């Protein structure tokens, strides 16, 4: 079973610019994370773009959906900023219906480059869920897996929870 | 859904003793790993014992099985040294048959305390597989999940692979 | 020989706020850094304040100088943001002349909390220079020690260099 | 002022072999440590050998001394296992007398590769002491600098202290 990881940026991949003291994107850390995790999964890593999910609009989500649709692999993990991960999940759910594809979106609360990241845990989790779940769109965060239409980010606590 | 993690030691939890320059066990790092991973799973962490899996004998495996049998939770993750994880999986498979329990064993190639561990990735993976797999005994390593009777450790490469 | 460390903030002590995605100050990491470094120096750590050195004005520098003057220890290390560390050094040089005190200012380009910090290296360096240098005011960065009136930050390269 | 670092191994540079679960030497981490520390010192790094200092005998110490003697730089930092660092310091003190050279030996209690190392702190310290101390042989550990004939390792506490 071959998988595909679509990288879209988010906290996952933020870095610290020591000249300006600000956070920015450079290259994705997914490759290094998979190496640290000793992943032996057969998979492709594709960078769609690298952006803060607060800056995404409909056209960006259409680009992510297009990348899912043209993927030859039926099982997809999408790394994404947590702030609008639920909005993107809804777009993918509509666009991927009837395609038989399983898409699991995941993110991070702390940049991988800052050492104490939840990113390594989350990518291990998302890559596992995507191998066994039925076709559909899901959000994997906090060790849990939510259906795309039953999840929200609790911004006060920084955790994901069911809507209902 | 409530889970239980049974800790048995292994590379996962090895530490460096700076007075002697050797590796040893102290307390498990599972709690810190779950905190770093921002896990919000409902789960119990139970330390069965802390040992190198090369030193386990039948009585140790019987103790692990007993802990599985008396667990009120039907979904179990077991952290274990990788050298004999497959032997323990076989013992659990026989002992847990017909109990309806799902047990996922996982380990690490590098101690969590040494920074670049695969442990965080593997625990994220094992906790995800255990939530969705049918009753049975599995080994989760390298991002993959193997049935207990179709896995071996390739000691030259340090990776897990199918037997067949 | 007893030393004193005066903490004033700077990149050294910045943290990542995972709820807002921004950088902020909480408590100083000096204690943890001294523990990691296995420092057995007799010293006091005093937090003067925690701020970005770009926001310091004359009154803040007067507060740092006052802390130096009232210190019973004659050898002082001051952690400071790198952007205006040279300005503060000049204020201290004038105010500490004839007091017989040795003050070494140091900073960091990367927050300690982000893992790959230069802070541990710099604090080891500053604490060493301060023990052996004659009275005066110095800036210790990049493994080097500069007199207060012969140093500037090269903002393009992010390194300190002589003026002359 | 140009410096030279002589690498001889020790805990500083130990690595974890994930196939055997044991500690071993590969390449020195000095270059990476200097990069992390943003060192801008003019220096040469020379690997004399990589060994556990418990295994050193007189011939190994003669080799280190020879490297010191032929060094064109008068200021030398020597990384060394802590167990016999004092013995080597004594050999160097005799051999370097009247040469005008300043040699500072330093080590680590925790391998750099294990993340929470004292190595970065100690190398920052040793590189600073060596720039300002008079000719002679010293041991820099725990933020302190000891004359070669007034230091011992307290093996119970894992710290260095004066003999007297």
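Order as written gives the chain letters A, B, C and D; numbering starts at 1 within each chain.
Keep this in mind: a residue touches a chain if its C-beta (ideal position, glycine included) is under 8 Å from a C-beta of that chain, and two chains touch if they have at least 3 such contacts.
Note that the structure is predicted; figures quoted are calculated from it, not measured.
Note on connectivity: the fewest chain-to-chain touch steps from chain A to chain D number 2.
Looking at chain B and chain D, no chain is in contact with each of them.
A centroid comparison over C-alpha atoms places D as the chain most distant from chain A.
With centres set at the average Cα position, the gap from chain A to chain B is 26 Å. The geometric centre of chain A is 40 Å away from that of chain C, both derived from CA atoms.
If you average the CA atoms of chain B and of chain C, the two centres end up 45 Å from each other.
Shared contact sites, meaning residues of chain A that touch two or more other chains, fall at 109, 116, 158.
Contact residues on chain B toward chain D in their complex (touch as defined above): 11, 14, 16, 18-19, 21, 23, 109-111, 113-116, 155-156, 158.
Listed in rising order, the residues of chain D touching chain C in the complex are 33-34, 36-41, 109, 116-118, 120-129, 131-133, 140-145, 158-161.
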